[in-house]
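A, B, C, D and E are the chain letters, set down in written order, and residue numbers restart from 1 in every chain.
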Amino acid sequence: MFSLEFMQTAFIASGIVAIICGLIGYFLLIRREAFAGHALSHVGFAGATGASLVGLSPFLGLLLFSLCAGGLIGAIGPKLKDRDIAIGLVLSTSMGLGLLFLHFYTRYASQVTGLLFGNIFAVNTQTLYGLIILSIICCIVMLFFMRPLLFASLQPDLAEAKGVSLRCVSILFLALVACVTAACVQVTGILLTFSLMVGPAAVARQLSTTVWRGVFLSIFLAVAEAWGGIIIAWITDYPVSFWISLLSFVVYLVSLLFSKNLSFYKKIKLIN
Amino acid sequence: MNVIECQNLDIRLGTHLILSRLNLQIQENQFVGIFGPNGSGKTTFMKALLGIIPCSENKIKILGKTPVKARKQIGYIPQYREMESFRLKGKDFIATSIHGHKLGLPFLTKKDLYQIDNVLDQVHARDLAFTPLSEMSGGQRQRLLLAQALLGNPKLIIMDEPFSNLDPKWVKLILSLIKELQAQRKLTILLSTHDLNPLMKIMDQVICIGNQQAVLGDVDHVMTSEVLSGLYGFPIEVVKTDQHLFVTTSC
Amino acid sequence: EPVSKVLHVIAAENMYGDIAQQLGGKYVQVDSILNNPDQDPHLFELTPSIGKKIADADLIIVNGLGYDSWMNRLLTKYHFNHQDIVSVQALLNRKEGDNPHLWYDVDAIDALSGRLEQLYVKLEPHEKLVFESKLSSFQTDLNKIKERIETIKQKHVHIKVAATEPVFGLMAQKLGFEMLEEPYQWVVMNGGEPTPKQVAGFIQDLKTHQIQILFYNEQVVTPATQQLKKIAMEAGVAVVGVSETMPANLTYQQWMNQVLDKVEAALKSKHP
Amino acid sequence: MFSLEFMQTAFIASGIVAIICGLIGYFLLIRREAFAGHALSHVGFAGATGASLVGLSPFLGLLLFSLCAGGLIGAIGPKLKDRDIAIGLVLSTSMGLGLLFLHFYTRYASQVTGLLFGNIFAVNTQTLYGLIILSIICCIVMLFFMRPLLFASLQPDLAEAKGVSLRCVSILFLALVACVTAACVQVTGILLTFSLMVGPAAVARQLSTTVWRGVFLSIFLAVAEAWGGIIIAWITDYPVSFWISLLSFVVYLVSLLFSKNLSFYKKIKLIN
Amino acid sequence: MNVIECQNLDIRLGTHLILSRLNLQIQENQFVGIFGPNGSGKTTFMKALLGIIPCSENKIKILGKTPVKARKQIGYIPQYREMESFRLKGKDFIATSIHGHKLGLPFLTKKDLYQIDNVLDQVHARDLAFTPLSEMSGGQRQRLLLAQALLGNPKLIIMDEPFSNLDPKWVKLILSLIKELQAQRKLTILLSTHDLNPLMKIMDQVICIGNQQAVLGDVDHVMTSEVLSGLYGFPIEVVKTDQHLFVTTSC
């Protein structure tokens, strides 16, 4: 299984996607913005179609459009309360725009439809290099951005008093999420990206007592689920995305049972 | 040097005037209580001092600087809100505020860790360093936040209703902690609360906020039945015994 | 007598697989990836077993034009430099965005068969004669189809047709039909939404017999196609169902002849 | 425009969809569950393919599966805090299941892609009757369910003390949302359904001072936006869903400006 | 008849024992204060009385019935949480609790509307009927919630820290409202708070919760320095003047 070149590539690519998704997902869940993560994966298609329409590279359009949408969501709803409305409206408006672009694009728009499920076994070297560069950039940015991000997420009032602009942090973070989603969705599809973003991070948030442990647990689980999914898919010959999404659900359920015994407080929450 | 200086200050939220023509000066090493009816503008005043609510230039000076520049030297405990029910440890939680205002590598230096241990020691809460946030009681959380406010050796600490929902024991414990720290480090403390009694003998000065006015005064001058009744628009009685000073509404 | 080894051929779509089989006979073993008329190429996720087969293949046939983009990604030179890849798109020099249903273009199949024979000969020089004879018999069949198309074209001039999707477009072009309602077709194919005037125009043209034959995609059963079919039938417009993927148990030639049978029947019954 | 039959049907169908979406959306936003509304519109396809796999009616499968997913989300996360994780996990798991079913049975695949954008101009009478019945059932259920729903949403602690099971309410409501989404998405697509669910309700929540006014404003706006979108689409000849999503965004922005002047409190929120 | 009767009651959350072997009886027309340190179980006790936390059968009797059956006759004000910033009118807000516990057509009868007006009158808050919730002050919201708790003519009203974040004027106003209502309607009131002073002369009885115990007693017996110091595990002094009774921690 490991001697086949396309399998090697699949392991590397899914590993990288898992690392970025695990990292970004952890902060996404701390900020309770899972919806944004999903919405941004839809948004890209409008950009891709728009770019094809004016003759630009679809990927560039996808990236730019996602970035703008991420920024817009961050700007409209920096407070938790109104965020779901902001996300919902940006999502539907950008999908509407995508539809309009599609209307003018009277040729075959192949890049539009292929996004729901990607093909991790069909990653070419160029894409792989792109992914590696993206993941390095993303990790470096997160490394430098983590401090204000955590501060603004955990103690917004205090952060504001210390001169952190909640709106800026929110915009920047969602732009980063948009970037990552745009890139990963190209490779692995909406389903797989979202599974790797939410599942491992949910477990990490549930169990870890320090930020670093949380981040690493999240990344570790994401990689483990991604590779585990590929291996099980190899054995059973069912689609990989199915296995990874199932694994991520099962691992979360197991962690729920586990964390029940962890602390007394959790127990009460489950009773209420 | 004055720690806080307001000259002819107007504070507005939108077009709504909250406080007008404020003039006050607070010296070093003062424990100042802030009182006033609900919605009179206590939180707004504090936010103005912190530079969150923008005010016309040069009307507020904190330690001789503008609020924005003085930020580093102000410790702040926001009005209590339900915290995330994370399993994050106390130490990690307050560590987010160290350098949290600027970009940079998220690693704590030995000095930072030492500083955290130091402030936890100062509030006698070393044990909280390893307690998950979700397992702390209200009083423990307030102590943790107080420790956090002490990070970076502030000259001024602003606390917005730190005692709400705390029982008398914790109120007393935290108050004496604050008093102790203040004496040690010549801090200026600004503290708002609705329960005046625990503060009666501790405060050095009082700011009364009401009717768009804020007046600074000595405890003896302000804590009288007349002033308080006027402030709240309701008969309030100040009772003096040999050792105690009480405020009551039962008349 | 040198022993010929069996060539492994992978075709992304089953009509190409069928052609490869016909041209290679017992010397090739063909696997088609999309071989079910009910399958949607857009929602297809590779499983490891298909990846394995592709990795072991000697020859790969893809359609191109984004119709099977997952294959394209898999087939960069880096991974499969030992293989020969036939892209029908490349054979015809078509640009991205063109009508991807290339198998309805008989000339494309002509070119493909020639190219396949060349490659077979290159890989198995000893069986050159066998391959040549198989090619000539295939091209005889193909020429018959071409003749049939030419006859229809001569007999029926100025035939106006429409379709729910541009599946049949290339064949209709060869038949000399004038294709109406093209914007509608592209929108539907791209998963977009037709505008009210497009719908109104389509219905109007059906009712006023501007359209003489309506082609619909048998594989896409949506309320929209049902609606147009119903209106066409009520108006007495001939309706012809075509499919994107070749039905099982048919050869390519049989399939095309079947389609042409339907077209001829429709032309006969068409409203005067 | 109004004399064409398909336009009449479009007006009626979109009007009905708008009524249900406006009604359900208002409560969805009060409960801050917009994400659930969107997620449930994806979930159905797994049910549809699954049902086909075992030989049941796809629509039945779609409905049942959505119902289960809605119930599951409600059961996992009755508290606001954990809800986005619950929704995310259920979403990705059910999409994964859908992919698996698709792997075994591909018949309805094409319907799945058709769901992002529906076709309001291709509603047949049967579907229309189905919609009317659904809307009547939905309105009646909501009418009887509104009291505990509001109570549990606005004052959860008190409701619990009065014997309302928050979990039951949450499950029931999301099951209803699932039902409605499943049915509407079939007719109008994900985009249009979601736009009509979020936009008008967001405005109504922002402006209205009584529940009834909120409900009626939400329904009124939804119907107005739906019909307005169709009329503008007729005039401009752009797709309807685009106009409706744009209208819903614009109306929200206008309401934001309007509500700025409504109350002092709002102003402050915008400043902070 | 006893309004509240607990016999040998154990209250558990999960496997954790919060209160053990509770025995108490509270009569009609009593104003009962509940005190105790943070996390001692005041809220838990109230939730047990409301039947939200299940207890072993027949150990709690409210008005002679099980808590679940007595629900209709209990008014409840939960521990204050930030309410939705809706523009919903006060009247509509409290109306959600009328019949809110059962399915049915969401129309209010004339009688319901009359009842709402009636309770709003009783808390002197008819003006709040048409004020949007988002524009109410903390005190106004508490008054509204009190009106809501009066709906359906309850015999028992349970209030969990209704005074947190309220200024002394509102505390006094709402307290006198409660007292007035209690006298009129022979209500039994159960009220928890951390600020003991405003209640000192109003309560009839006191429940002290601490160390997994809950003890009912008369004000004079319980409100002594010894009992309170023991309860909080901290020196607390009760000071008596001619007209007043004060609790203080400053010693």
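The rule is simple: contacts are C-beta pairs under 8 Å (C-beta built on N, C-alpha and C of every residue); 3 or more make two chains touch, one makes a residue touch a chain.
Computed from a prediction, not measured in an experiment: that's the story for all the values here.
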Report summary line: For chain A and chain C, the contact-path distance works out to 1
Query raised in the report: Ranking chain pairs by contacts, what comes out on top?
Result: A-D
Query raised in the report: Farthest chain from chain D, comparing Cα centres?
Result: B
Query raised in the report: If every chain is reduced to the average of its C-alpha atoms, which one ends up farthest from chain A?
Result: E
Query raised in the report: Rounded to the nearest whole Å, what is the centre-to-centre distance of chain B and chain E, using the mean of the C-alpha atoms as each centre?
Result: 30
Requested in this report: Using mean C-alpha positions as chain centres, tell me how far chain D is from chain E in Å, no decimals.
Outcome: 40
Query raised in the report: In whole angstrom, what separates the CA-based centres of chain B and chain C?
Result: 76
Query - Per-residue overlap in chain D, given as positions that touch at least 2 other chains - result: 81, 99, 103, 113, 116-117, 238-239, 241-242, 264, 269
**Report entry** Shared interface positions of chain C, touching two or more other chains
**Finding:** 42-43, 45, 47, 187, 191-193, 195
Query raised in the report: By residue number and range, which residues of chain B touch two or more other chains?
Result: 81, 85
Query - chain E to chain D touching residues, read off their complex - result: 47, 50-52, 68, 71, 74, 76-79, 81, 84-89, 92-93, 96-97, 99-106, 132, 134-135, 148
**Report entry** Of all residues in chain E, those that touch chain B in their complex
**Finding:** 36-39, 81-82, 137-139, 161, 164-173, 194-198, 200-202, 232-234, 236, 239, 241, 244, 246-250
Query raised in the report: Where on chain C does chain D make contact in their complex?
Result: 36, 38-40, 42-43, 45, 47, 187, 191-200, 203, 219-224, 226-228, 230
Report summary line: Note: in the complex, chain A contacts chain C through residues 1, 4-7, 9-10, 52, 99, 102-103, 105-114, 116-119, 121-127, 189, 230, 233-234, 237-241
**Report entry** Residue ranges of chain A in contact with chain B within the complex
**Finding:** 30, 143-148, 150-152, 154-155, 157-164, 205-211, 262-266, 269
